[in-house]
C-alpha cells in the first residue's frame, strides 16, 4: 500500500513543469542585419526546456535531442522573447518537452509566434548514470493530444537516428500510407 | 554567351564552402556535472553552418531551420569540439548545410563523433529580402549522396512545418511504403 | 467622447505588465564558493523589470533607480532563479516595478524566497526625451496596497537622492514619528 | 601583550581597501538607444565593491545588500566608466563599501558623476560561515563623516528589511522628527 | 602666438593617461587547472591600454601592435588582477602604452607581479583615418627612461614586422654589437 | 629496442597539431567604429594556439609568452576570422606555435592576411608541474625554416624577458652584426 502511495506521488501533471523564460535580444545575439541568430535562440530554448525537464524529474537532465525547428520570421534587436516549456510525456528515463516561442516588439505592441519545438532530455544521477523519472498524466484535451503525439515523434527520432527501421515505425507509417 | 559565362560562375562545389571550427568547452558551457549543454553546441553549430552558407552564397544568410539532432554521448569540460560544415545542396534562395561534430579529449587522446546535423539558411540582401543563390554541383560520391538526400530531408521539413501534406511527400512516402 | 475613450485605453492593470523570467546559475555567475554573486542577480532583475516596464509603457525605458535590496541567503551554482515583475504605480513619465525573486534547488526540490525589490524606470522616445506613460489601476487588495506604498517609497528615493527635505516627506515622517 | 599586537594589526584604514575599476561600455551593455543598462552597471559596481571588501577582510565576501541607487543621466556606448570603492565602516562580520561612479566620454573630453552607492558584504570562511572582520579606523574628515553616517544607513537597511521597528531606529528618527 | 598656445595645450604628461583596471578571475577565464588563460589577460590588457591611449589622444584608438609578453607564473581562479597603464611616448599619429600587471590572492594576502608589456595604438577620426596626437612630455626619471627606450622598442617592432632592415636599426644594433 | 619504439612514438610532425578556427566578429568584439579590437583577436589566437599545443603534447598547456604581433589593417564587424595554428618546434617542456590569421568579408568576397604570430606554451601535469613533451620533426621546406628560426625567436624572448644577455644571444647577434 505504501508502494501505491509512492507511485501516486510519482505521477505529475504537465503544469508542474510549466516554465516561462523572457529574454531581451541584445546586440551580440544578432547578425549584421540586426536579426536574432537562430543558434542563440536554440541555446535559450535548451535552457528553458532543461529547467522544465528538471522540474518534472527533480534530477539533473542532459539534452538527448532536439526535433526539427523552423524559424518563421526574423526577430529583431530589442525584441522580447517569451519561451514557454512543459513536459508532454515521460518515458523510462527521459522526457519530451514542448516549447512555444514568441517575439514581442514592445514599442509597436506586436507579438508574433516564432516557432514550436520539442527537446528530449535524459535524467541522470550524480555519477551521470540514467535514472527512472516520474510518470506524466496529461489533464486537458491539449495535453492529451501532445501526450499521444509524443509516440509518433519518438519513432521519427529513432528512424532519423538510424535506431529504428522505417518499416517498424508503425505510427509514422500510418501517416504516409493512408489511401 | 555572357549569360552562360555568368551561369558557370554561379556554380560552386561543396569544397568552396567547407568550414572548420574548433572550440574549447569552458565552465559556462557546462551543467553542474561538467557536461557541455546541448544548446551551447547548437549555437556553435549555427555559427559554423552560417559561415559555410555565407561562403557559398556570398550573402548574409538567416537560419531557416535545423533538422532533428541527437546527442550521442556527454562532452566534457576541457574537451575540444571540432565542427565541419559544408553546403550539400542549393535551392532557389536557400541552402542546406551538413555538419559533422567531434569531441576530443586531449590528455587521453580520444576523439568521438558527437553528432551530425543539417541546418538550412535563406540568403538575403541588405534590405533583408530573399535573393537567389549560386547552384551547387556535387563532385565526390559522398557529395552526390548528400545532394540527393537533400530532397527527401526537405520534404520532411515541409511536412513537419505543416507546409506539405504527407501524401504529397513522394520521396518520403516511398521510404515508409516499401514492402 | 473620443478623449474619454483614449483615456480609458491609457489605463492598464498590473497583470498586463506581469513578467516571469527564469535563469540557470552558471559557473561565471558565481564566486569561488559557488554562490551566485549579488551583482549578477541585480543585472537579471534589471532586465526582468525593464521588460515589465516596457509592457506597461509600450516605450523604451531607462533605469532611473533601484531601491534597497537585501539578499537573504546564498544561492548556489545550478539553482534556477525565478523573477516575477509587475508595475505597481505609474507617475507622469515613470513607473515603479516590484520584483519577487526565488531560488529553486531542483534535485532537492527546495525553493526559497531570495528577495523583493523595487526598480523605477523613465519612458523615453527615440530621441531619448521623457514621455508620458499610461496610468495604472490596481485591482486586487495586494495591488492596491503596493500602489499606495509606492508614494512612501518615492519620498524615500527623493530624500536619499537629496531632492527632498526629510521634513517634507510627510508619508515617511508619519512612519517614524508615531507615538 | 601579543593580543594587543594582534588587535592593532586588525585595524585598517579606508585607503587599504581603495579600489579603482575602469570599464568600457560595449554594445551588449546597452539598450537599443545605445545607453548603458542600469543592471549592467550594478553588476560592475558589485564586483568593484567586492574586491574592496575582500582587501579589507582578507576573506571571501558575499553581497548582503545594496542601498538605494539613483542613475543621474544616461551613459553612452563607448564611454569609459570609472568606479572608485572603499570600505567606510566595519561591523562584526560585515563591511559597508562606498562607491563613486563616473562616466567619461573620451572624444569630447567630458566626465560626469553618474552616481554614488553603498553595498554591504558579509565575510565568510571556506565553509561559508560568517567570520569576524578587521576594524576600520577612518582618518580624513571625509572618511570620519562616512564612518558616522554608516550607522544611520544601517538602521535604514534593517527597517527596510523588516528587521527593525522604525521606532527603534533612533538615528533615523532624529532625522525625520526634528522640529 | 595663439598657435604657440594651442601647441602647448597639446603637450601632455604621462600621469594624464594613467589608468587602473581591476578584474576578478572568473571560471570562464580559466583552463581546467583553474589557471587564468593568457589570451584572456591579453584581452583585458588591450582594453586598459586603449583607455589610457584614448585619454592621451582624446580620440578613438586602434591597436597597432603588442610587444613580446612573458607570463611569469600562473594566476588562479578568484585572484584580483590589477592592470596599470600609461602612455610612454607619442609619435605622429600613434602612442606607446606601458602596462604593469599584478595578481593578488586576497585570502592569503599575497600579490605578485605577473608581467609588463607595451601596446601601441593609432589614433583615428570618425572616418577611421589616422590623425595627429598630442606630444608627451615625461617628467619623472622613470618616465624619461621609458620615453627614451620607446625608440629602441619601436625599431624592434619595425624590424620584426619586416618594415626596417636590422642594419638600419641603429639603437638596437648598438645593443648587440658592443664589445 | 622498446625504448627506440617509444622514442619514435614520441616524435610528431607539424601536421599532427594543425588546427583551424573560424570566428564571426560580433558587436561586442568591436569598438565604436565597428572594428575588431586587438585584444579580442589575441584572445582567440591564444585559444587556437593552445588547442594546437595540446594536440602535440597530449597535455594541458599554459601560455608562457606571445611574441610581438602587428595588426595590419582593420577587421570589420561581420567578418569571418580564420586562424591556422601549428607547432613549429618543441623544446624540453615547451612548444612554439605559429599562427596565421586572415579576415574575410563574405558579401564582397575579399580575404586579407591580418597577421602572423608566435605563442609559446609549457606542458603541465595535473599538479601543474612542467613535464617533457614529444619532439617535433619538420617535414616540408617551410616547416624546416620555421623550425630553424625558432631558436632565434627563443633568444629574443629570453633577452626581452631579461633572462639572457644580448651578448650571449649568438643567433640574434649575427643578425645585427653583419658587415
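Remarks
Note that the chains take the letters A, B, C, D, E and F in the order they are written out, and that residue 1 is the start of every chain.
Quick note on the criterion: contacts are C-beta pairs under 8 Å (C-beta built on N, C-alpha and C of every residue); 3 or more make two chains touch, one makes a residue touch a chain.
Keep in mind the model is a prediction, meaning the values are calculated, not measured.
Touching chain A and chain E at once are the following chains: B, C, D, F.
Seen from the C-alpha centroid of chain F, the farthest chain centroid is that of C.
Seen as a C-alpha superposition, chain B sits on chain C after a turn of 120°, to the nearest 5.
A straight line joining the Cα centres of chain E and chain F is 22 Å long.
Chain C and chain E, compared by their mean Cα positions, are separated by 43 Å. Rounded to whole angstrom, the centroid-to-centroid distance between chain C and chain F, based on C-alpha atoms, equals 50 Å. Touching of two or more other chains is recorded for residues 27-28, 31-32, 47, 50, 60, 78 of chain B.
Every pair of chains meeting the touch criterion is listed here: A-B, A-C, A-D, A-F, B-C, B-E, B-F, C-D, C-E, D-E, D-F, E-F. The part of chain F that touches chain D in the complex is made up of residues 27-28, 30-32.
In the complex of the two chains, the chain A residues touching chain B come out as 31-33, 35, 37-40, 42-47, 50, 60, 62-71, 74, 119, 124, 126, 128, 156-157, 160-161, 166-167, 169, 172-173, 175-179. Chain C meets chain A in the complex at residues 19-24, 47-48, 50-51, 54-55, 58-60, 78, 80, 106-107, 109.
Chain C meets chain B in the complex at residues 26-28, 77-78.
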